[in-house]
Each structure stands twice: as structure tokens, then as C-alpha cells.
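Structures for review follow.
Both complexes below contain chain A, partnered by chain B and then by chain C.
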Partner chain A sequence: MLDVTNLHAEVENTPILKGIDLHVKPGEVHAIMGPNGSGKSTLAGVLAGNDAYEVTEGSASFLGEDLLDLPPEERARLGLFLAFQYPVEIPGISNAYFLEAALNEIRKSHDLPELSHKDFMERLQSRMELVNIDPRFADRPVNEGFSGGEKKRNEILQLAVLEPKLCIMDETDSGLDIDALRIVAEGVNKLRADDRAFVLVTHYQRLLNYIEPDFVHVLFEGRIVKSGGKELAHELEAKGYDWIKTEVAASA
Partner chain B sequence: MSTVESELKGAKYAGTRVEQSNREVAELAQRTSAYKYGWETLIEADTLPPGLNEDTVRVISAKKDEPEWMLEWRLKAFRHWLTMEQPTWQKPDFPPIDYQAQSYWSAPKKKPGSLDEVDPELLETFEKLGIPLDEQKRLTGVAVDAVFDSVSVGTTHKDILAKRGVVFCSFSEGLRDHPELIKKYLGTVVPANDNYFAALNSAVFSDGSFCFIPKGVKCPMDLSTYFRINAADTGQFERTLIIAEEGASVNYLEGCTAPMREKNQLHAAVVELIALDNASINYSTVQNWYAGDVNGVGGIYNFVTKRGACRGRNSRISWTQVETGSSITWKYPSCLLQGDGSIGEFYSVALSNNRQQADTGTKMIHLGKDTKSTIISKTISAGKGDNSYRGLVKIMPGAENARSYTQCDSLLIGDKCGAHTFPYIEVRNPTAQVEHEASTSKISEDQLFYCNTRGIGPEDAISMVVNGFCKEVFDHLPMEFAVEATKLLEVSLEGSVG
Partner chain C sequence: MATVTERDPKQSYINDLERLTAKADMPDWLAKVRASGRAAFDARPWPHNKLEEWRFTDIRPITRNDFVTAVQDAGVEPDAAYLDAHRYGVDGWTELVFVDGFYAPGLSRQGNLPEGAVATGLAEAIAANHPAARKHLNQYAAGVESALVALNTAFLLDGALVHLPKNAVCEAPIHLLFLTTRGNERRAFHPRALVVLDESAEAILIETHVGAGGESFTNGVTEFVLGANSSMKRFMAVFEDEASHHLSTTRVQQLEDSRFKSHTMTAGGAIVRPELSVDLAGEGASCDLHGLYMTAGDDLVDHAIDITHTRPHCHSYIGYKGILDGESRAVYTGKVNVPPDSQQTDSNQLNQNLLLSRKATVTTKPQLEIYADDVKCTHGATIGQHPDKLVHYFRTRGIDEPTARGMLTYGFADDVVKELEVDEVRARMEDFVFNRYSPSAHRAK
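Showing the complex of A and B:
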């Protein structure tokens, strides 16, 4: 469903991504790991349509559409979801109101009727139960006054309500204690489905103890330098990123 | 059907500018579609020729069959006005107003005796504005006084209100039926010589609303006045006087619209509120006068004096205003906190898009002991709009233990608009606690992107962030008004992206 080929991107004339190839099929879970500054968050941002990044070369298609041609809201309506590393606060707008507006925009783009408020609230309720989230989240303003862990859990709730086809999770594990990490991971596991893929962007292997990936890719200096199965993550955990750096240096 | 009609009538105004340039027409058309109330009612009107002198004042007073003392009051105000200069300290910039070039009276020719006799054309006008007046369709939870140009055309639910002793009628009827109350209170909060525009209003005011809530009565329904400017080249000068006696309480709402015209029109109203012991008045405004087009052509000059006196112990006056319309908004709904323990509140949202200018805020004058004031002001500037908060918190020597809290937040959309804050604080009693917080922020790209990644498009994202920004103020509006205000913001923000 996602085909990224030779993707190059820069920010303020500094090249960050230098030729990424990534192919994701429905139902798969891909982990993208790498040291700080390797371009992980840039990749997530480029795919979601953040215009802070400029794509200079390559292509990305999603469900047959040229992703790079679409503004971010149309990517979202097509079924792409970015879970933010630093979820943004929207003071004065309740989670329920925000999600109802978002879901109905997505439905409209698929020629589906808008959900009635009652139907939406029922759906929100059931998704909150599914991902084990306090019902009081519904009335709280979007991410305002939330702890770091609550913000990440709120992203999982949005994911559960909006039901995207592809979820890109940008360092969802960062800043979480072990309990919060487990709740977030359980949420993701419950949302895994045959027609839904995940791309987990992470620095640490620990998230992968809870969410088992099908593929692991190592991103280093803007390129995917190594790909493998879940065992690659364990190898990285044991040996650190220096090992990759040495290998890259040797092959250069 | 009414939408089509209104668009057609709106298009008529667009048509007069067609020759100028295609770009302007496109922009005007966009504005036409945004402002839903820009049409005109074609009705036979009795309109005074332009011009202002003592005779104008006499004619207005005579048309209303006023008592002699009222005419004298007007003439005194007029003579004082002649000695005054139009103030120049305000931030908004506008060309000199030619006070001789506009008419001071325009009223539909057919004079109704009661609501049943109102011209169907007028009933249709108000129905199109969402304010049906006839018995079958009228709003049930709220009594409405409908003002059309210089006169009130009717007031609903008077019977229900009368049973509780509540008087709600046009100012003219008030003067006819309750002259003693009007004589007692008129001009006691906003004296006729208070300021340039108040003096002008005192001389030539035509109509408005009068409310009297007797001792101990909680008004059984909300009261509302809807002001419609229709005639061209005419100023609207109305007065509102609300009196809540001991222990009485009332929610009062006002709304307003005007046709789209290329010439500016002056609206200079005066509102006086009086709250006696333990009385409470909530006064809400959703101001949607025609704002002019994207280039600042046309629109209403909204120069209004609104002031409330908390005369009694533990009385409370709360102003909530949502100012999205008008070419220029220049007003400071204020509170005189005279009674011990009295409370003044001001909650405001002011939005300036395109070339709109706003200079608005409040004055809280603490005179009594243990008085409290709260000021929450939210300004939004977009396009080439310019928005100023101007406020005064004054603690007088006798105001022991006064408290005041001010919060002024400004939100900027784009890089061609302006936001300014002019807070004045004057404390003459050492026991006072006065707090002031202010913030200015640009609408954040991060917030918009976040909304976009959830499927919400750029314009909706802006209106969502702005609505969130205004929530603290909207929470003080009655439910229906809050919904209306949310929609208005959306419409008023149209075209502010990119």
C-alpha cells in the first residue's frame, strides 16, 4: 500500500533523506530504527505532508495515489495517520469535538454520510474502552494540560477512532514510563488488522518487546542501510548503533 | 427561497462595481456570498432629508409625540454636542464624517398599532433574518423587540412578561407608558454630555428598547433586541435602557445586521444598565453589521457607548460581546461598581479581517468596598485587519479590598494584520488586588498541521483553533448565541488563509 522509492528530502537546504526505499503491504508492521539525527522523524513528516520539509527527488505512492502530490488533509482522508512525537495542544477544543470533526471529514471524502452526534459518541465510547482510556478524555481539550504519557495515549485513541489504513508512529515510545509504554503498545496490538499497516519509528528496541514487527529497517544518515526481521532489533539492542556505523563506513 | 432572493439582492450591489475591475468583482462576489444579510428591503419609508440642526431634533421629538422635558433634554444635548470635537485618540483611522450628509430619521411609512398590523414586508424581513415575529412562528424562549432603521416595529411576548410585571417595549412606548421611570434613570449612567457620540445620540436618538424588571422578579424569559439598518445614507441612533430593581435578574441579548453598501453608515447607540441591590444583568451582543468589502469599501461605523451601573449592594453586570462585523468597531462596555460587593464582568471576542478595524475593551470603575471585576478579551486579527484592546481598571480610594483580573489574548493570522493592547490601571487604594495577563500569538503552523493530519482542511483548521481560542468567552453566551457566534467566526474568517 505504501511504496517509497529513492526519496530525497531537505530542510532549509540541508539534505536529510538521501534515497529511501520502503515498501509496506497491508497487515505488515515495519520498524524503522536509527540513531538520533538519522532522519527518522523527517521521513515520518515527509510522508504525512509537513511542508517544513522539501522533497527534492524520488516518489511515494499510497494506495495507488501519488502521496507527494496531496496536501496533508487529503493524505489523512485517504487513510494515512501520523502519531506525533510531540502531539500538539488545541486549547478550548474538546477531544470529542475534534475527533467528530475529523471523522466526518474523512467520511465525507469517501461519500459516506456524516455520523450523527449520538452515533459518534457511541463509537468514541467503544473505542475508549477498546484502548483502555479514561472516558473523561472525551471532554478534555485536545492535549492541553496532558502529561507526556496522556498525550501519547490520546494519539492511540485518535488512531482507534479514525481507523486509518497506514499508521506512522513517530517515536511514540519516547518519554513513556514502562506502564504507559505497555498501555500504548497494547492499544496498537488491538488495532492491528489484515488491512492495516504500521510503520513504527523508534530509537529504542524496547517498544518492539511489546509490538512485534515483521520487518526492521535501520536508518542511518538518511538512508536505510540494513533491513531484516525482528531479530535485527535485538542485535541493535545488544550491539548499539556504532556497529552499523562501522559497517557503513567499511562499505563506503 | 429566501437565500436565493438574498443572493440576488446582494448581487445587485456587486453589480454597481462591475465596471471597476474583474479582480474586485471576484472579491466582492466572495464577500457577497460570505455576508448573508447584505440584502435590502424595498419599503416605502418616511425619511428626513439629510442634515442636522435644532430643527432636526425638534422634528424627531415631534414625530414621537414626546413630552416637553424630553425635547428639552435632547436640545441641551445637541447644544452641548455643537461645542464638542470628535475625539482623535482612537487607533482606527477614517476620513472625517460629514454629519450634514446623512439622514437622522427613516421609518416605514405604515405605522403599526400592534404586532398583528405590522407590514408583511417587515415581517418577512425579520423572518429572513431568523427572527420571526408573528405568533405562530415566533421564538418561544425569548421575547424580541425588532428595530428597523429608526423605529421599533414590534415586541413579542409582552403579555407573558407583563404578568410578572416585566416591562419590555420600544423606547418610544416606554416613554409614553412609563415616563416617570425613564425620567428617573435616563442619562444617569451615560450623561448626555459624556462623550461626542453619546451627546449626538442623546440629541437625535430615534428608538431602542426599554426594559424594567421589578423588585424580586427573575425575568421569565430572555429579552432580545434585533437591530436592522435598511435605509441608505441614514444613521442609526438608538438607546437601550435596562433597569433591574432589587433582587431582579435578566438575560438580555442583542443582534444586528445591515445591507451591503459602498458608503459607510454610522451607528451610534447608547446603552445604559442599572442594577440595584442583589440584581443581576447579563448583556450579550453578537455584532454582525456589514463589515465592508475586502478592500475596506463600505461597512458600518459602530461607535457605541455602553455602560452599566452596579448601584446596589452585591449587584452584578456582565457584558459578553462577539464583534465580528462593522468596518470600524469603537466601544467600551463598562461597569461602575458603586454598590459594596458588586461585580462587573466583560467577556469579549473581537475579530478584524480584511480591512476591518476594532478598538474595543472596557472600563471597570471600582467605587464600592469588596467590588470585583473580571475582564477576558480575545482579539483575532486576520487579513489586513487591525485590532486594539483598550481597557481601564480604576480603583477609587473608597474601594476597600477591590479585586480585578484582566486577561487579554491576541491571535494573529497572517503577517499583514495588527494587534495592540492599551491597558490602563489606576489604583488609589492600597488594599486592591489587580492582576493583568496578556499574550499575543500567531496562529501556530503546528496546530494547523496537526488538524490537517487528522483530515481537517486548512480553513476548518483555522476556525477550529480560533473557536478554541474564544471558548472562555463563548461559554458565557446563551447556547443559541454561542452556536451563532461559532458560525459567524467561520464565515468572517473566510479567505483569511494563504
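Showing the complex of A and C:
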């Protein structure tokens, strides 16, 4: 589904990603962990098409398309979704209107008819129930005045409504109290499906107590330096990131 | 050696004044009102850039041409499509139509008005010696130091009178539709409206100014006299043609505990300047002034607002938003005066501008002049564009950039439009803003 090969990227002439290889198949959940500054958010941003980053080398394909060639909206229409670390506030545009517009743009690109307003509202309500979000969210402007936890939950709601094929979650768990974390994790677990993959970018191992990954990768200084199963997360939790730093230094 | 004789911009109006008003049959009191207007017009300077309040608004396109004052029934009768596009046609509403500033009873309709209430043509009311017209006409507008207001008063040919007696509550909106017709020359219009609410009366007034095209100059004056504990909700729409100039003055006199809620929306017009001057002349009075201006091309719009907290314990709010495109310019002045004895004044204002083009410019001047020491006053202004990260967020959800920008512009205007309480008016304005800025987007339901 997603094949990233030798991906290099820089921001303002500073190299951040220095050769990433990542292969994700439908139904899989990958966790990418790493210390601050290792390039986690850059990887998420590059895949979603943030033009603050410049790709200098390597490739990324998604469902057979050259991802790096596509503008962000076409990546989204293909089925790629980025849950932002810091979701923006959009004054004057309600959650319902925003999602209705987005969903219909995506449907249009697949030659599907637009949903009627009634059908959309039914879908929105059922997804709000699914991810345990207050129905009053529908009429509130997107993220405006939301708490940090509410913003993250709202990203999960968008995910539930838009039904992407690949969900990249950029530190969705950071800064969340345990209650909010549970809601986010439950949302993700309910949305796991055979034809949908997740890439969880996270700094903290705690998220993985609630979402069980198939693969764990450790990102350090712009490269994936270690990959393994879920037990790798526990090892990281026990030994800390310094263990990785020492290992990398030793092998250099 | 050639000599250049300075053309007097007032002269053509003076000629028209003498031609049109000299022979008119009128009551003595009106003759006095007109004469006072004429005297003030003679005494006051024609607006130019060296006057502080006109520093950023260059009206030379009006100054250097002769605009011939329109007379009744001189233009082409407005056709049904033109009328229907601007009338609301809702059962129960009173809709008065003014063609070139003159009341057109045949195109108008009386709706549900409370007992004793009057909504009619001003010339008719003057002819009938209506006490509210006689008592209030020009009483407060005279205090506005403006040659243009004086000129309007000097003409005072026709317009609207709305009067609600004590305790009368008019639930159905009253719509004053001022439309102009196309003529063979540059035309000037001087529409006048007087709105009087006696104690504890309530009304909703919609005032629409539209032009049929052609180069024209509208110089309107509307006076509100709001009695104790009365409530007026007023929506003014100025949707002029691109060659039309609209300079108008609204003067609001508020007695104790009265409420004035105003919405002013402007879109189109070469030079558009609706002045709004409020005197909070009674304790406990409050005004909430909302505005939305939408410019494009080489439009110039100037919202000049002036609020005086003459008495203590009054509240005022100004929230104006501007959306500028093309090479247009906007000027905003929000002047709030708080004299020494007006303690416990509560005043807030915010002017926010959205630039859709690099060539559009804004001059914004929120001003507070406070001489009392126990007050709560805030003011602020912003000028900006849609932040890139907001546009990017839309794109990551499948919405392309032009659609995202359109939706964001619509969202920017949303809180002003939402404040419109009359459903039919709000729906019409939502449509207008939506179609203007985000035609490619899906429609919010």
C-alpha cells in the first residue's frame, strides 16, 4: 500500500530525513517511535504533502501512484489521511460543513455521486457515536476554542467520516490525559480494518498499551535504525531512547 | 498666460436647488428646514482630502463632474425583474419602494403595522403635516458637520417616514427599498428617511440601496429618533452599480434604555461611504453596530462611524469586517467619544480585514477619545490573508486550494452574517456571500 524507499528530505537546507525505508500493507498497524528531533513529524508531513519540506532523494508510492508527484488534495482523495499533531482552528466553518465538503470532494474524485445532506448527516451522527464524540461538535467551528484533547478527538472523527485507506497519526497521543487517550485509541481500534492501515507516529510508548501495533520502528537522526514487533516498544520503554543512541553510536 | 478658474463643485447643486425647490408648495416649517440646510451647505466646505474626516477618501470623481438632480418620474420605470430581485415579498411585511428617491406607492405595499404606526412617503407625510415629521425632521441630522447632509436637507423633496407610537411593537419587518434608474446624464439622488420610535416601541427596518447602472451619485440621509426603552434593528444594504457613488449619513439619536442594533453591508459601487453617527443621549442606551464590506476592482469603500457616549451607563459595540479583492481600497474609522461625566461606559470595537489580493489596501483607524476615568473600553484592528497552514489543512482533507480559500472567506464573513436575525434577510445575504466567494464549494446547509 505504502512503499517508502531511501527517502531524504530537508527543511530550509537542513537535512532531516536521511534515507527512510518503510513498507506498509493493508490492515497493518505500524508504530514509528523516536526521540524529539529524530524526524518523525517531518516524515508525516512529507507523506501528506506539506511543502515546507523538500524531498531531495528517494521515492514514496501509495496504492501504485507516485505520492511525491501529487498535490496534498489528491493524496487525500486517494485515501491518505494525516491526523495533525497541532490541528488548526478554522473560524466560521462548522465541523459538519467542513466534513461534508471534504467527503464530497473525495467522492467526486472517485466518480461517486455526492451524498445528500440528509445521508451525510446520518453518516456523521453514526460516526460521532462510533468514536464517542458529543453530537454538539457538529455545529461548532472546526477546532475553534477546542481543548487539546478535543482537537485530537476531532481528528479521529474526521478519520471516521472520511474513511481513508492509510491513516498517519502524528503524535495524536501527545499531551492527552488518559481519558482522552482512551477515546482516541478506542476510535482507532474500531476503525482498524483489513483494507486500512495505520502509521502511528509517537514519542510515548503509552499509546501502544491501547493500540497494539504489528510493527514498531525506531526513528533516529532521520533513519529507521531498528524495527521489530510490539515487544520492541516495551524494550524501548524499559531502556529509554539512550539505549538506541548508544547502539547507533557503537555501530557507526 | 493662461488662467485656470477653479470650478466650484457646489455650483451645479445650487443651480438645481434653485430650479427645483423655489416654486415648491410647502408648509412654513419645511421651508425653514430647507433654508437651514441651504445656509449650512453654503457655510460648510465641500469634502476634500485636506479635511481630516476625508483624508483617505478622495471624492474627486464626484467633485469634478456635474450630477443633475433627478426629478420624479424622469427615469425609465423599473421593470418587474429588477424590483423582484430586491423586494422580499414576504406576507405581512411593509415594503416601500422609492424610485430615484421618490416614493412610489404603486410599487409599495403596506403590511401588518401596529395601530397608530405609519410607514409612508415623506412628501405625503409633510403634506399631511404629520406631527412626527414636523417635530423631528432634521433636528438631529443638523448636528452632523457635513456639507452633504446640509445639501440633502436643502433639497428634502421626498423619502420615507416611519413612526411607531408609544408601546407599538412591529414584528413584521419594514423594508425601504431605494432604487435608482438609468438616465441619459449623470444623475444625483438625495433620498431622505426619518424613523421615529416613541417610548418602548420596537421595529425592524431594512434599508436597501441599489442602482440600475450608469454613473450616479446618491447622497442619502437617514435619521433615527429612538425614544426611551425603544428597540430598533436596522439592516442597511448598499449594493450599488460599479459606476455609482453612494455617500450617505445615518444619524441615530438614542434616549435612555433604547437599543439600536445595526448591520451595514456594502458590496459594489465606485465610491461608497456610509457614515453612521450615534448619540447615546440617555442613560442605559446601547448600540451594537455590525458591518461587512466586500470590495473588488477599483472600488473605494469608507465606513465612518462615530459614537458619542453623551450620558453614563451606556454600551456600544462595533464589529466590522472587510473582504477586499482586486485593487480596491477600504477605509474604516471608528471613533468613540466618552466625555468626562460619562462614567461606567462600556465600549468595544474590532475591525478585521481580509485581503484576497496583494493590490488591495486598507486604512483602519479605531479611535477612542476618553475623558471619563471609570470606563471599560477596548479597540482593535487586524489586516491579514488566509494563513497558508489553514489552506494546507483543507488540502489534506481533499479540498483544493481555490475551494479552500472560498470556504475560508465565507467563514470569515459568517459571524457577521449570522447576526442577522430576520431569516429571509440572513438567507439572502448568505447566498450573496457564498455565491460571491465560494461558488465551487459545497453549500453549507
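Assume the second predicted complex is superposed on the first by the 252 of 252 C-alpha atoms of A that agree within 3 Å, B and C clash if a C-alpha of one lies under 4 Å from a C-alpha of the other, contacts with A are read in each partner's own complex, and residues count from 1 in each chain.
What we mean here is this: a contact is a pair of C-beta atoms (placed from the backbone, for glycine too) under 8 Å apart; a residue touches a chain by one contact, two chains touch by 3 or more.
Keep in mind it's a predicted model, so treat the numbers as computed, not measured.
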item	value
Clash or fit (per the criteria above) of chain B with chain C on chain A	clash
First, second, both or neither for A:241, with chain B first and chain C second	neither
Partner chain in contact with A:72 - chain B first, chain C second, else both or neither	both
First (chain B), second (chain C), both or neither touched by A:100	second
First (chain B), second (chain C), both or neither touched by A:114	second
Contacts of A:48 with chain B and chain C, given as first, second, both or neither	both
Partner chain(s) touched by A:88 [first = chain B, second = chain C, both, neither]	both
Chain B versus chain C as contact partner of A:204, first or second or both or neither	neither
Interface residues of chain A shared between complexes with chain B and chain C	48-51, 71-73, 75-77, 81-82, 84, 87-88, 90-93, 98, 101-103, 105-106, 109, 141, 158, 162
Of chain A, residues touching chain B in the complex	48-51, 71-73, 75-77, 81-82, 84, 87-93, 98-99, 101-103, 105-106, 109, 141-142, 158, 162
In the complex, chain C residues that touch chain A	387, 389-390, 392-401, 403, 407-408, 410-415, 441-442, 444-445
Complex contact set, residues of chain A against chain C	48-51, 71-73, 75-77, 81-82, 84, 87-88, 90-94, 96-98, 100-106, 109, 114, 117, 141, 158, 162
Chain B residues touching chain A - in the complex, by the definition given at the top	444, 446-447, 449-458, 460, 464-465, 467-472
